[in-house]
Amino acid sequence: MPLGLRELHKSKAMSMRYRLSPIALVVALVLASCAAPAVRPPNPPLETRAISLMVFGEPAEKAAYEELIAAFHTAHPDIRVELIHIPSQRDYQRRLSADFAAGTPADLVLINYRRYANFAARGVLHPIGDYIAANSDLSLNDFYQPALAPFYWNNELMCMPQNLSSLVVYYNKDLFDQAGLAYPTNDWTWDDFLRTAQALTRDLDGDGQTDQHGLGTDPSLFRVAPFIWQNNGDLVNNPSNPTRLSLDDPQSRAAVAWFVELQTVHGVVPDAVAEQAENSESRFLTGRLAMFLNSRRGVPTYRTITTFDWDVAPLPQNLRRAGILHSDAYCMTTATQDKDAAWQFIAYAVSEAGQSLVAKSGRIVPSRKAVAESPAFLDPQTKPANSRIFIEHIEDIRAVPVMSTWVDIEEIVGKEIERAFYGQASVDEAIRTAITNSQEYFELAVR
Amino acid sequence: MSRTRHRSPTDWGWQLVAGGLALLFGLPLYWLFTSSLRPAGSPPPRTVEWFPHAATLTNYQRIFALAPFGHYLLNSLIVASLAVPLTLLTASLAGFAMARAPVPIQRSLLLFSVTLLLIPTAALWLPRYILFARLGLLDTWLPLLAPTLMGSNALYVLLFYWSFRRISPELFDAARLEGSSTFGLWWRIGMPLVRPTSLVVLILSFLAYWNDFLTPFLYLKSESRYLLPVGISLLHQMDTTQFPLLLAGAVIMTLPALVLFWAVQHTFWYEGRFSELAHTDEV
Amino acid sequence: MNRSLILMLIPYGCGALLLVLLPALLIFALAFTTYDGLAAPQWVGDQTFQDVRFDPVFPIAVHNTLIFVGVSLPLRVLLALGLALLLERRRRGVRFYRAAIYTPTVIPDVAYALIWLWILNPLYGPLTLALRAIGIDPPAWLVQPETALLTLVAVGLFQIGESFVVLLVGLHNIPLEYHEQAKLDGGGVWQRFRYITLPLLFPWLLLITVRDLLLLTQQSFVPAYLMTGGGPYYATTTLPMLIYAEAFDRLRFGHGAAMLLLQSLVIAVLVLVGVGLARLILWGRSV
């Protein structure tokens, strides 16, 4: 087999990367002799320990991580942390896959709980249970259980969650005031939600085009999921060991249809054309969209809003309350050479000091209870004023199934939901195709 | 053959059609420039706007503040300025050797080069990626520069081959008698005579490296090594609606290619006939 | 052959070997394995091809790719031919016009995609607004599944500079005497085009056709990736997009290689058929 591909199995970490086969050596020499100068950056001095951390997020979020790293450098001058920042989650996922496949992942990676299982299943993440057991300062009891739970893979804790958010409604208070509407309450219902959105959807100049929309949301499985749960439905047949999508269950179907009709029937959400012209989040930022569904992630960006006042409200409820878990965790990769340094950073990042820093940026709902209850998160001087709802509703939070092919399933189903949402297919057709097309990935899932 | 230049109605018609087409092909570029001057964040236009009302250059400043854009620019320039000379070197050497080789070898090399041309290298990114990954060369510029080894593109080698073949062998023989080495023949006799070809390969290879998105996108991991196309595509994903800002980035990326092309475009319109130039010893 | 000449050819030979021939062979090997980049590749025979056959997106991607290439190819060749004929002769300003035609070709792909995303913006784009101003209500080109792929084709039509230049060279290599003689014999413009220009230009047309055929499939990637992300609803998911997702989203390099192999085979067959036909026509005419 060419290039000793069979040996690649042993190529974890450094062993193989530096043991080049003879052909490879010739290749490397030829290439190097051709273009070596000025290509490789100088190596860092040997006495400093260096680790790399890869994160995703908007520029405002990146700043928070830079601050965290700066504080860590002060506390641990011997360890340098290099930040690798990828703006979009989608590219981030690809980048992670490519890096792992190449055997060159960052030492620490921030991964969402929906996306880590594929890597855990392939053994490229290093469990952190032993480090936690050895670290007397850190007790898992100090963290919210719903954030920790999804990161157990085969009963081992793989990653350390930094945050747990639910889906919430960001709303433009000025637009509510102009329309003479009361702000959302903590127990508003689907009907209240729809009526409010309708009242806020307006054609301001009378040209027959909607200039201001009541609501904005991604048309994705992840956004529709909490509504399905609120309607006593579910995404999959058996959440602990799913083998099939269950969107065709009447309760689930009804919730999907309700969600889709927000756009197709009620027109309170921008249609496909309007969304392509300018996406909902941008419309919200420029004050032309009243309510936007997002997790805590949006806060650093929304804090840059100067033209209107805004706040957060919990999701409306239906047959029951339900939120959806958004949680990202620091994971150590198996390839990491200085695992101790990597752990030092994780421990710092989830410590009170570390979480307080990132919490102040607005980016996270801290996974550490003490920080979530502290002014670092709840400071009434910073927006959103109603931050408390993030922790008040933690008990309603549910998580999507943790499985190695969940990313693929979400993508496939998302395309169908999007199609229905923009009126290009009926809800039933979309659900039917979603079930058919996703079935393969239930079977491919590594447990 | 003389072509008379009189202003006939068909001539005016021709000017009109050609001018119209030139305008049409220039329109995207015109919109690129003018839209990049719109103040970012100002309400989007609702009516045709041939020139933005409050035209401003601030986008060009802001984009450098928003991302390490200067860094990307520098990296792109470094990669291109390494790749282009290397390409000229390897392609001209190979083309020269081909042209000077004995006829049977020349034939098989020609066949080899045409075969290479027929393999769409752009479709080889998947195995190449695995190859470079196994060599531990990800996140370096080596995978980007590696194609220079083979003259970047078999086409460039062939261009040089054709050009060198047009040079009369007597010239080389004379130089050879004066004691010139083969490399000396290439450098002192061959290269000066194929300057137009070098110029064409220079611009084509510059454009190829400067414009390439997929290769740096696949191979580069650290922000400090990103090239412009990757940087801009990242900006695009961050914020899909700050278009004037993005377009300012697009202008910065487009300008060097445009300037270089317009500076040497005259070499593209070679109107001579191969039959008049090609020297007679047919392969 | 002297040693210096061999030395001069070494980089070219090595490079071609390492960067083209070896990867091409690697595709063959990988296509019959499952390989996720982490564990060793596992030989699975034609299992990957069986899986690809049942992938619901694969036929869509093949269909889209064929449409993209099938519509682009004739349009691009015809457009390049028309422009080359128009701008062949020396006239006042002809070099400027030629350069203007070539200009979109030098714009980097990423910038080019961004420009068009803005121009085609369904509410605020300059093209949309310009059409509205003259009373045409344009469809939302990139949003509607029926028009999205064709829009990408249309956008690509502006980047035909290379074919254009090749055809100009071809036209300039037609001996003027042929035209003079035909004129003396009373041949009209159309007849001269039909019986002199076209046959003599035929090899050049064949060259750009084969070239486009080889490159177009892959060229669909950047615009689709940056402008539509393969959507709306798979409408612009072409084979390179699918292969990319298969390799990097799902870490199924073996399946990606299998698709790549199928793609290459189809292209190879098309090129062979095209060249075969062309030879038939050429030989039937010129001998």
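To keep things simple, chains are lettered A, B and C as they appear, and every chain counts its residues starting from 1.
Assume contacts are C-beta pairs under 8 Å (C-beta built on N, C-alpha and C of every residue); 3 or more make two chains touch, one makes a residue touch a chain.
Given the structure is predicted, the values throughout are model-derived calculations rather than measurements.
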| item | value |
| --- | --- |
| Chain contact topology (line, ring, star, complete or other) | complete |
| Chain pair showing more contacts of the two, A-B and B-C | B-C |
| Centre-of-Cα separation between chain C and chain A, whole angstrom | 38 |
| Distance between chain centroids, defined by C-alpha means - chain A, chain B (Å) | 40 |
| Centre-to-centre distance between chain C and chain B (centres being mean Cα positions), rounded to whole Å | 17 |
| Multi-chain contact residues (two or more partners), chain C | 11, 14, 18, 22, 26, 37, 121, 123-124, 253 |
| Contacts with 2+ other chains: residues of chain B | 44, 129, 131, 133, 146, 148-149 |
| Sequence positions of chain A contacting 2 or more other chains | 5, 8, 27, 30, 34, 98, 101-102, 277-278 |
| Footprint of chain B on chain A - complex, ascending | 3, 5, 8, 11, 17-18, 20, 24, 27-28, 30-32, 34-36, 38-41, 58-59, 82, 84-88, 90-91, 95, 98-99, 101-104, 277-279, 282, 286 |
| In the complex with chain A, residue positions of chain C that touch it | 11, 14, 18, 22, 25-26, 29, 35-41, 54-57, 121-125, 140, 142-143, 145, 231-234, 248-251, 253 |
| Chain C contact footprint on chain A (complex, rising order) | 1-2, 5-9, 27, 30, 34, 93-94, 97-98, 100-102, 118, 122-124, 272-274, 276-278, 407-408, 411, 415, 418-419, 422, 424-425, 436-437, 440 |
| Residues of chain B that touch chain A when the two form their complex | 41, 43-44, 66, 78, 82, 86, 129, 131, 133-142, 145-146, 148-149, 218, 221-224, 234-235, 237-241 |
| Chain C - residues contacting chain B, complex | 1-2, 4-6, 8-9, 11-12, 14-16, 18-20, 22-24, 26-27, 30, 37, 83, 86-87, 89-104, 106-112, 114-119, 121, 123-124, 126, 129-130, 132-133, 158, 165, 168-169, 172-173, 175-176, 180, 210, 214-215, 217-219, 221-222, 226, 240, 243, 247, 253, 256-257, 260, 263-264, 267, 271 |
